[in-house]
């Protein structure tokens, strides 16, 4: 009897690894390969067959170039996510807990939020120059908002009964936040961070493509400019793999967290 | 909250924003950052006025707003539908979700060539790019919202033997609505960001394209004018979502 | 309270009706982790029978009810409904949950919550207004029909849940302390309503309660559970005349004797 | 049940102690939208007094309690605590909520939920284990101390909430049907525990219940509310001797007389 | 002092690549690294932030930056245009119906960057051939993707560089319409080597050393044009077949105000630069 299993299920999109996860990608690659064999000339400047991409992927993995670029991109994405996500979390909690602060900040927050990261590149480049810091600043700015918005919403979802408990216990604002509101909001905050993680990677790569001469985006762009589409696609596929692993490790962390909390 | 209180709060909020603008003015007046990259607020104001009176800023704005909302609605719809499917079907979770997780972190700018390949330099391409990028917040929130429904309510459904579709429509969606709206809120921001990318890469006239042209010719005031317009669109749309929230999750307050 | 009559014995098992039992537990056991929650549960419930369950807090009454409803898994033994293994909830069975505030849709009004059951049964929409109206009226909620659960008192929410279950027109009614949040008068009148409906529609009822008098007043049979692990420790037929009546039944000497007996069972296990 | 004694009258108001009342309602009124919920509430509660509140479902008992707790807003009149206007919850006051399943932190174990109150009071961490242990023991939850609320039965959750409130060592204890989900025996033993603690620590208690016997057994005074709009319709002093005792008190003729009186009040308003 | 020189991956700064690969910078006493960047427009900000000290930029970027108040100066040229060069080509799609310049009116045209060198070249060519530029629609696309876009009919014609043009024409979906370099005066500067004025003022000796190194590279290139081919293939990491076919630029590192004026005039004519530029002060003696 599987009576205790919920009808509709868990809050995560994917569980652990399952070989069946690979069915769809394999099918897509097979189709792409057939199409490429039929239509893409071997020395195309802009397209490449999947098997060439695979060969380049392995080659660049083996010679370490991909690893260095990954370290740079991931380093920027992680630290940017840490900074931006941290700030977003703090502001989200403050705005979620204090309707007054939320109303006062609404114009500022809502007009700053849609600033495209691409528009910030020259400014950030000017202030920080090439390197980690300019990328980090843009990633932090961009990831801050989704975390802020989703954290604020998560906090408003707190069971009103529990807020009343906090009030009659006269918990300080800090304790209300850390003992009642945040633990209840944690599952949603994890969602926010998983979203922001993907955004951080997207922005890191974009900044590298446009301006910053380091990391995976730069490698991908340079390969495209020097007419190596297979390498360029190899970078793209690798970015997907890195992103998947990034997300997977957040899911893993989340599970560790809840396992511990359950046992506590 | 009555109208007077509301407008007082709005005034306060505008006051805070004005404070930030004042800081910005002070920074550029003190020459801390080159005006080529951070123009003073007044110059941005002039650029805006000039854009509306002499340029085609209004037409650009209209085109961009239409794209943002079109793409965002498409993204939200897709996000909810996919989220529902993944929320209820273990098969979708096994076969589809991991692949989605893998394409989720792909930089949209790198994928645009593929979209252009499929759809050309068309309006549909711009919508598809926005929809692709803005889909994820709503998708993730929907999946989460479905997982966070009070288990007792699912038991009620089971003992009432409600069909799957009914459970989705009557229990899971309303219960997940706060999450979905929060996701859509973020999705809207992403749409605003992506409209710029899509207009640039798709050579479609609009606010984003004008930002690109301004950037190419180092017209910082025009860049910031464009950003400011996007900000206004962002603010207005946040207001719309607030209204939707009030109507759709009336039972929360 | 008057001096108690000497302890009497009551018939222990009650194959009151002929034929097969509607609900049948055979040697059912259940654990959560290391903790044994239910052990060796053997119980037959006959069509139209009203079985009251009493027992100390945490002994497993709710769990037992969830097994019948098909909402919990068992580790050993078998649970049958109408001769078939219970795998999932049956459409004939309605469940009144103990935590009423979690079992209502917070975004639907009182009427809307009752309507849910009608939707589930595909009742034509034109019949809704009448049926909802009369059920809410029965539960004393008619004038609150447009309130959301969050705007209702605890007792009102509890009554609303009962209304929804009755709207299902179930053959089996599982109730988990359905009157726990009701005042004495409302409670008594609802007790009588339930008795009437059950008798009229020949509903089989499984009724978990803490109120011993209520258990006897309503029940054709009272089953007493003991804890650690949860098991059936007592079971007797309530041979009080029917229809029952709040005044005369509760003053009936056999009622008082049973009450005393049950009280000392609960007290001493 | 024996034949009832002729109706007696009881003293209506009870300035039992000298000095000022701890809690004072002056002409309090409250509406939700068009609906009048409370009207003209005048009530004084004295230090150390135990006031039981009874009344039909939905009459406004919970609302009244929330006013004292500082959790609801009033539209008219005044509510004082220790002579000061109640604006927000006071640290001296503990509240046992009716909706126990929503008042516990689902991610904390039983111990953790009690610990919340100790954290709120900045009790040194080394004292926690002892205090949590003895409170859970008192509530019969010691062996369940590592369970999460979701793994506990309704009655267990209710007892856990009481444990948390007692951990606050309040001067005023507001209880909203705290024993609603408990079986008769556990209920009686907890009634006695509450009486003992209240007497020992000179706690003022405001106790909402549906059980008329419980209201009398525990109360120094019983206040009866009527509905539509919620108002105080009856109030009498319970002049039964103390300490009380489950057997003798409940058989005391005055107890039975009061019970009868209260029952007919609830019945006929 | 450690220097970084920024440039995009293209054939114009051939002398720099050559000097770098032959160790000429070191020989002249400068410790210089060449950093490939992905986009020309970010170079001015990178110069100001001191991430790079020297850069090879296109005249359009240079003039636009200066026009908007970024104080850059050029101290060397890189390569120049000649009528014989086939480096740049205007290609039309086979089915676009474009045969003569007049057919361009109202068409959709692909360029690598609005306002960038190729865009200016195309507009100038259209203008010289009597086409009203404002009737055409210009679309941005990356150079490597141009062949696919033209083949799919997403643009009617485009301006591109030699190796891509060859592919389009040899595969039959593109028709060569013009070679715009043949229609402008010879000797226009393709890119300039620039620095911020502040840095240039503070480091005259370093500039002299860099110039010397590049001059020496120019000498090598003039003597042996094939040396450029290898240097370009290396620096840009091109596939060998592409390297083998690449159209070699003409290295000439002299730079005059007149060369800048020529660009400025066209840019102004097409509204691609705003503000005033005093070209006379832009070239270091």
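Going by the order they are written in, the chains are A, B, C, D and E; count residues from 1 in each one.
One rule holds in what follows: contacts are C-beta pairs under 8 Å (C-beta built on N, C-alpha and C of every residue); 3 or more make two chains touch, one makes a residue touch a chain.
Quick caveat: nothing in here was measured; it's all calculated off a predicted structure.
K.L.:
In contact with chain B and with chain D at once: which chains are those? Just list them.
P.N.:
Touches both chain B and chain D: A, C.
K.L.:
Please report the minimal path length, in steps, between chain D and chain E on the chain touch graph.
P.N.:
Step count on the best path from chain D to chain E: 2.
K.L.:
Which integer distance in Å separates the CA centroid of chain A from that of chain E?
P.N.:
37
K.L.:
Taking each chain's centre as the mean of its CA atoms, how far is chain C from chain D in angstrom?
P.N.:
Chain centroid spacing, chain C to chain D, equals 27 Å.
K.L.:
Let me have the rounded angstrom distance from the C-alpha centre of chain C over to the C-alpha centre of chain E, please.
P.N.:
Chain centroid spacing, chain C to chain E, equals 86 Å.
K.L.:
So what's the Cα centroid distance for chain B and chain C, whole Å?
P.N.:
Using C-alpha averages as centres, the distance is 51 Å.
K.L.:
Enumerate the residues of chain A that touch no fewer than two other chains.
P.N.:
As it turns out, chain A has residues touching two or more other chains at 46, 122, 126-127, 209-210.
K.L.:
Residues of chain E that touch two or more other chains: which are they?
P.N.:
45, 48, 142, 145, 148
K.L.:
So which bits of chain B are touching at least two other chains?
P.N.:
Only 34, 37, 113, 158, 200, 215, 252 qualify.
K.L.:
In the complex of these two chains, what residues of chain D are touching chain C?
P.N.:
1-2, 32, 54-58, 61-62, 98-99, 101-102, 140, 144, 151-156, 159, 176-177, 180-187, 210-212, 250-251, 256, 263, 266-267
K.L.:
Can you list the chain A residues touching chain B in their complex?
P.N.:
Residues in contact with chain B: 6-15, 18, 20-25, 28, 46, 103-108, 110-119, 122-123, 126-127, 142, 145-146, 149-150, 153-154, 156-157, 187-188, 191, 194-195, 197-199, 201-202, 205-206, 209-210, 217, 220, 236, 239-244, 246-248.
K.L.:
Could you list, by residue number, the parts of chain B that touch chain E in their complex?
P.N.:
My answer: residues 34-37, 113, 116-117, 120-121, 200-201, 203, 212-213, 215-220.
K.L.:
If we count contacts the way the header does, which residues on chain D are in touch with chain A in the complex?
P.N.:
It is residues 69-71, 88-91, 93-95, 97, 99, 102-103, 105-109, 112, 116-117, 119-120, 148, 168 of chain D that touch chain A.
K.L.:
In the complex formed with chain E, which residues of chain A make contact?
P.N.:
43, 45-47, 121-122, 125-131, 208-211, 213, 218, 221-222, 224-229
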